[in-house]
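The data blocks that follow each hold one structure.
You will see chain A twice below: alongside chain B first, and alongside chain C after that.
Take a look at the complex of A and B:
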């Protein structure tokens, strides 16, 4: 017995064996490395280009500032009213307001609609819950051009053309289906037994939703929120067709930077500055996206 | 007093509850015994308000519950699944119903701590349900149900998803805890007759949504009113042997038998003899083929075929009868139950228990 214990203790103290570098493992790491380079390279390219001037850009692929090219802040300053550019501060703030406003409204309404579709049985003519859910998402299946003219006419009738409120309204119509679609699926994965247990513990349906279901749907809310923000932030088509000069969003302002001579330095800086909020958001919400949020609900 | 009157519930034309009328006194533990699909869960869900009966009444101390939503019913429930709030630590899980009831957090927390101490989870208060084992998760669910001190406690096969040893241990602990909860009406749904005999002050037998019998567990076990009740209350299942009486008693493959006192007052006709698995023993004149042997703990249940008649034999020892082999068996036919063609018990042998 003593010998066995000792040998067990000895074997525990030995370092863990390093897995052998099998060909499959090497291929995996090579693939990851290549893919990472593929993903990171454009950012690096944009970053270096944003600090170049016309000469730096036309002199070929150079990477090392001060050594290979003379760094210039011309690209960045032109975005804020500097020479040869335009001030994107206003479009930037407009984009933030429209994206956040539309996303918050879409998530709020979409989550409520999704909970209803997940927990109650609806009948609308021949339509049942699954059909109604598909009806929501079908709004995103048709090409945007189909919606452009009706939206234009409606906003015109409401006097909301070229306004932030008008854009928010249109974006809610576009983003809410995404929120409904994501959240229905998520609520369906939350066992109904949890709702019933909350009822047994004295929660009415609203309290059940707010105190029990919503906290457990947080990863779903984050996913839906991310989708809404990404789609809202990146939209060019409706931002272009439903505005004129008064209300400009960032994607339109960036396109407007282009002229007879393509200002690669300014475009690179604007590309970086436009993806910054999304990158920041992704880092902030990453921890909510981990799996296993519902573990321990029902076993 | 919890009263059910003519409770009916059907889904897609299939009756889940068929005219259930019963009363449950405060401070009693009633075991609702029935096989899967007997309507036990439907009954508990109807009482809890989670299923809406098509007809009938549910009253607690005279108050009509028909229009009372589940969240307003003074009820606690533990289900087969170990349902807990995944986003809350164990302590908050148990304190949750108290906080919802309007109790201040310090008082709710203290009560929850005391209850967790009772169920042996005092050291786990800060953990999430997902960090607990199945048995511990069910203890949390039980603690949350008990901490409310609700007048009605519904337990729907709470230990069915646990392993045998844990189930036995937790059941004993629960019974111990319920002893201190005076005044609580406890309904415990179970498929296991042995559990029902151990637990309940009272037993209620159900099959296909109907109430078969209700009363003292031992009395029902010893004298089941019908063949259906005998089938529900016996595990291993009771054997059914065809019985035909004219000048003698003929019992299918057992042949002509002397029934003694059991058959003395029986008129000539066809009957069914219920014979407990324990009243069939190895060694005897009847040759039966072994179909299957199940060893559970220190007991053996053997499924036999006696000239086309399926039989179950229960031995209180571990025996390995090889499937396919033939063994001699004997039956204590004089200890059987005689049921009429309509299933009613009309005669029974002596010394059951």
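Take a look at the complex of A and C:
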């Protein structure tokens, strides 16, 4: 197996020799820098706005603290119960609980199903493996708005409205298709010979899966986990329609700030602190990308 | 021993079916009812909702607006994402830094960034108009004129999701074998020729996948519109999802919004299937 991955890694190494367009080189850097500016623009604006107070905001668009406006820490202190904002500690913990809970369940169930679909043949009526895989993945097509009202009534009937458990249940349906999609492709790229060897040694399928396949599937699990965390953490609509005040998630708490007289400083500070954990995830994604770990998983 | 195979598949399959199937069947049933604020419950109203829907011009214009928004932003994301991926593929200083930077917007919560974008587009207090004035393009009534509001939604969508295209295409580029490039160099092919004969065909399959995933996600646009423009001014940025949201959760016309939802879902599935078939035929022909 190590031989296989190594040779795969070798053939995937970045090709060296493609002639660069000399005259285009400046244009290339200009384009890269312009796009970088576009990318960081909202973050820089949010950062500078988070240190303003009412005066700083109503004086128009300013960027430089001390020079153009008097900095204030009002925005940041309001995050933890200070005046003019909303305490986001609870929503933060709620978001972490729902994202992690739903991701772990989705990846567990999704990985098991993906392994089954990759290694065994199933038939339910007219449905074969490819159809079952498509059934899983196709759930992503479902617009949230179609499900919102039935979900509301379903959770109400189960007594799970406005609870963490209810949200986790709904998010599992949202995230499991992603886990299945990534993992089926990944398992298909692991040679079946590996399973057969374990079976010949007398392992049953479950032991084979846990002891032999799972350790080899770690890169795929990381990718699936990343996508689940991104889509779970960033969802707004279900958190918005299925909870009221008891179980607020972060995006809902922040959008609620937007409705009344908007305290831009508190808004900016809370926005920055809630996107921070996933921005760090970008570094992890890039490391995987450079090692070629994503290529197998996204094909 | 092969009995155990069901242990793998069934837990996930049953869980997903249970969570999704009930809402779907329920929505279909509700779409044939007159459920609204005055008559809650599953009374039988026949196809009344579906008849009404065909005469609802606001719904059909929301659908065509959504198609325009989804197709145009996804194509722009694809072109930009491809260009960015090519640029930080190799021979660039600090390429790992730029790769991370270009991925960041995709990691951020769309509604939260939309809240920030709303302050950026603010006509008198936001930073965008002074900037445009400075480079003599002139400020615009971003969120209060129909055309500019639509453009604002497009800009936010492009900012948020170009990284997704970038990620998939860069992963594809990094997994391309190097032999064809050597061959192209030996044959004396220039960069443009090399791109169209080697790079682009090598990424055709992943392009189709990336475009389809983005089209599926873009066809559901709701969060951004909800925060940024609330569908306005007027109905200038109202997408299908947002219109159904208004009918269902604002006006509480549950039966009618269910009919809208089912129609929307069917149209989406049909349209995306056709697009997928066409793309596979024209982009991946001759390959696996």
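Here, the second predicted complex is superposed on the first by the 246 of 299 C-alpha atoms of A that agree within 3 Å, B and C clash if a C-alpha of one lies under 4 Å from a C-alpha of the other, contacts with A are read in each partner's own complex, and residues count from 1 in each chain.
In this text, a contact is a pair of C-beta atoms (placed from the backbone, for glycine too) under 8 Å apart; a residue touches a chain by one contact, two chains touch by 3 or more.
Note that the structure is a prediction, hence the values are computed from the model and not measured.
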Which of chain B and chain C A:98 touches, first, second, both or neither: neither
Partner chain in contact with A:204 - chain B first, chain C second, else both or neither: both
Partner chain(s) touched by A:269 [first = chain B, second = chain C, both, neither]: neither
Touching partner for A:151 - first (chain B), second (chain C), both, neither: second
Partner chain in contact with A:216 - chain B first, chain C second, else both or neither: first
Most chain A residues touched (candidates chain B, chain C): C
First (chain B), second (chain C), both or neither touched by A:182: neither
Contacts of A:193 with chain B and chain C, given as first, second, both or neither: first
Interface residues of chain A shared between complexes with chain B and chain C: 204, 292, 294-296, 298-299
Parts of chain B lying in touch with chain A, wherever the complex brings them together: 48-50, 69-71, 75-77, 79, 81-87, 96-97, 100-101, 128-132, 134, 137, 144, 148, 161
Sites on chain A touched by chain C in the complex: 11-21, 28, 31-32, 35-36, 38-42, 45-46, 49, 57-58, 60-61, 63, 109-110, 112-113, 115-117, 119-120, 122, 132, 136, 139-151, 153-154, 169-170, 172-173, 176-177, 180, 204-206, 209, 230, 233-234, 236-237, 241, 250-251, 254-255, 257-258, 262, 264, 267-268, 271, 274-275, 278-279, 281-283, 285-286, 289-290, 292, 294-296, 298-299
Footprint of chain A on chain C - complex, ascending: 1-2, 4-9, 11-13, 15-16, 19-20, 22-24, 26-27, 30, 80, 83-84, 87-92, 96, 98-113, 115-120, 124-127, 129-130, 159, 167-168, 170-172, 174-178, 181-182, 185, 190-191, 194, 205-206, 209, 216-217, 219-220, 222-223, 227, 240-241, 244-245, 248-249, 254, 257-258, 261-262, 264-265, 268-269, 272
Sites on chain A touched by chain B in the complex: 191, 193-194, 196-204, 207, 211-212, 215-216, 218, 292-299
